[in-house]
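Here is the structure we will look at, set down as structure tokens.
Lettered A, B and C in written order, each chain numbered from 1.
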């Protein structure tokens, strides 16, 4: 049973323990040197991987995520019909052997739509967090490492985005830009970068005063090298954990936006849209909202398990 | 200490202005004419009425000037007039605010109750069936989007078993139960996990062992020492989420047709009733920032290290 | 007023219809013969009762600005204007506050003779109260969004224009307290019908200016109902009306109406649910549950149908783009299998339309004025498409507002056009506000739309939708011959002649030119608790006929 106890933190996280290996050459570099010395030294990366794999729930999560990715990849192959194929003479049909998950109010096969919906989920989830990471890591590193005026300005801007309720902010952005995949990704990403930046900044603040960085500096390493080879890799850990869970949050948020009618256009086979349509038939054709909901839950849980497993693997206190 | 407070207050004002500016610009950049939209389907708006209304709402002036008008009004506490209802936004929001606050407070109460109790049980009876139950269910609960939980609760309690009203605010406490439960659900799971982990750590601590060794009963140890110390992370977390809960739960209010400001927001966005949108978001951001400030200040009071930083 | 007992209302043939009309007139004559102060015993029911009906939050209930159906529900219960209308297919107006009225020969001046009656606060409902109300509605400062109804009256432009050049309504005058004279700026032989609308209600002096919040929240009127004393509009909660004991006409049977206000989101479903749970006596039916509602409630006599004065249609961009060609428009129209859509998307609840005027317009209704162009025929459609330059692969932009639940309809249209014509239909779903802007800018080829006549005359549909000078003619259909016909019809006093002119006009605009593409008639369905109530129907504003509802004994 995984001892996953703490929720995604927002405040200053604990920093992964700094071990000797990570200092001199980044991950993996020491292994070759040590091998030359005939010593089998377990690298930090290997440690993490092993701890992760030992966590049963994390592995299950990895499997679930894998299923979702795979489904997204081979959707056209495994879906019985196109996601937009209408059949006005067979609307609102209950699940049957012809349509495993039934049909919606335009006669579209629900199973196909759920399958294709995984594509949207994956794309939105990953793209959102990628956007948030790019902006957040850049701004967070600048803020954390350079300090001073940079820090003050960037953090105040982050505060503004932080204070905006995510859903409301996303609604406003979609209003301005219009409905569609890019606006939704933009909207969700814009309100997530602030947390990434903050996490990274705290992380960096703790790491940059540490000994091995001083050592690297005294060895004559330039600022850029220090940031990219020493500071960043060790600060990224909590960010990565957050990123994993954020994919889940992004998928849920996107479903929420579609539910409110400000997400993707209605003919797109998106789980949120399907749940929203399904709610019109609440109590009468419940299969319409049930299956897309389960798809969302399944996907989100996968990412949450992975995120939890990652955090436990990175957290030395559980060693 | 005073300097810290002043600094944080200034920060808060800055954030408020920043947020309102961003929102203001967004609203007026949105395609579509808010005045024409009020007309609805059917006859088009005639020119002179349009001109009169545009003048009344300063929509014929440049954007920066409009923002100045807006700020001037807000500072005096006047949020302007709703385009759709021709009533003061203050009055409209005040009617709905009570519902939102009720919902937020009820959700927090449920979160704390369910989360703390579940977490404690799981920690105290570690590795037992109860522990497994709590851990598993809290983990799974996090995977459920709020609206799925809301729909499921509606389906069960309102439609199938006819126990509670399906939606709306008309039914008093009975109407409050499902929305509050929905809003509290994901957070309750997080609180339970937090509580469990925190309590597990505390129970391992030396001073607990000392207390037990001293001969204090299990119950005293548990409730007097362990609980008090392990609940701190929970309070931290609550402090963070309190602001957003009070700020209005848009999705929950939408599912249950709960007549709060979140619902007002959704409606106002669709009808381009910009003053209401501005009013609601200003309030939500304001509450969030204010609550954060209060939480941070209380930490500063409690923890001298922060003050001196 | 349509009386609905048990079962559906069936469309009756011509002779039977005449009988019904005569019977209705007879009943009304008998009913209206009673003087104010007594109430009649309703047939088959008893007096009293509290009727619970769900509505949405009105935007405004003060008559000067009452414009959405919710607001009109309230306003038309609390106020009565010069005339009333009971749904008769002859489209004839019946006495309201005015007992008799007539235009001059040129139809440029109307004189109304008023009866003695009072507002609920004791003030007299005299000619001055009408002038007060109309001025209040038309005043530029009031910024009423429905003042355009008064645009045909002399002096409107000075009073309503910006900048305002007058503060009184020069076209209105009151030679004595019980006579109202209205001078029009252009001939209109149907002006009396226009006075049905709320902005033309009389108001007492306490109404004050248009932004008088007290009056906005609890207007004092002269209608069959009034606000329950001591109550006002409880926003997002409800409105309570009670019978007006001093109403000059037939007193309603109901003691009280409880309007329960539901939030806008998912309101149809919520209303219907409230009804099925026994919390409401009346409800609309969500389109998706239509079949279910019919199956459950029709056998009980709790389900009825009402053909409304409205039309669902596609605006076609007559000014530019692929739809500017009449053959292209006909091609699109013939490529649409309206029956399939009605069955598949609307579960058979809507009837395909082949005209822009619907059946309630009585004699004016021409069932097949659209002819072949509104009948599904894929072959003919392809021929017309070829003639009209609508080659396979052409892109057609179909605009609609994505916040109105029209997804199923537009996607079905898209699918049919693509299949039957080989064109590519680009769906453009935008929020309502933007869809208006896009229509104005001509940024579309087809646009989903709906229209309901404000008062029972073809002019209220034909002119706004198809006349060149009309601002509501977003499709920009322009045919001077059509314009001449409708303008002439307005100035024609003889009803028979007017009938001909209107028929010709519709034949031209729809039959020949197909300036817009009719889709479905606006048919309304409602459910009500027939175990408790009788006399439940809909009037021309699609409000419940509160005045005729009575408790079953």
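One rule holds in what follows: a residue touches a chain if its C-beta (ideal position, glycine included) is under 8 Å from a C-beta of that chain, and two chains touch if they have at least 3 such contacts.
Values in this document were obtained by computation on a predicted structure and should not be read as measured data.
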item: Centre-most chain [mean C-alpha coordinates]; value: B
item: Selected interface, A-C versus A-B, where C-beta contact pairs are more numerous; value: A-B
item: CA centroid of chain B to CA centroid of chain C, Å; value: 42
item: Computed distance of Cα centres, chain B from chain A, in Å; value: 23
item: Centre-of-Cα separation between chain C and chain A, whole angstrom; value: 51
item: Interface hub residues of chain B, defined as touching at least two other chains; value: 30, 254, 266, 270
item: Numbers and ranges of chain A residues touching at least 2 other chains; value: 175, 261, 279, 282-283
item: Residues within chain C bordering two or more other chains; value: 266, 273, 403, 430-431
item: Of all residues in chain A, those that touch chain C in their complex; value: 86, 88-89, 91-92, 105-107, 175, 178-179, 261, 265-267, 277, 279-284
item: Residues on chain A engaged by chain B in the complex (per definition of touch); value: 1, 3-7, 10-11, 57, 156-157, 159-160, 163-165, 167-168, 171-173, 175-176, 248, 252, 255-256, 259-262, 275, 279, 282-283, 286, 289, 293, 296-298, 300-301, 304-305, 308
item: Residues on chain B engaged by chain A in the complex (per definition of touch); value: 11, 14-16, 18-19, 22-23, 26-27, 29-30, 127, 132, 135, 139-140, 142-148, 151-152, 154-155, 159, 190, 193-194, 196-198, 200, 233, 236-237, 240, 244, 247-248, 250-251, 254, 265-266, 269-270, 277, 280-281, 284-285, 288-289, 292
item: Contact footprint of chain A on chain C as seen in their complex; value: 266, 269, 273, 286, 288-289, 292, 340-341, 343-345, 402-403, 407-408, 411-412, 415, 427, 429-431
item: Contact footprint of chain C on chain B as seen in their complex; value: 30-34, 36-49, 51-53, 56, 84-87, 92, 95-96, 166-168, 170, 254, 257, 259, 263, 266-267, 270-272
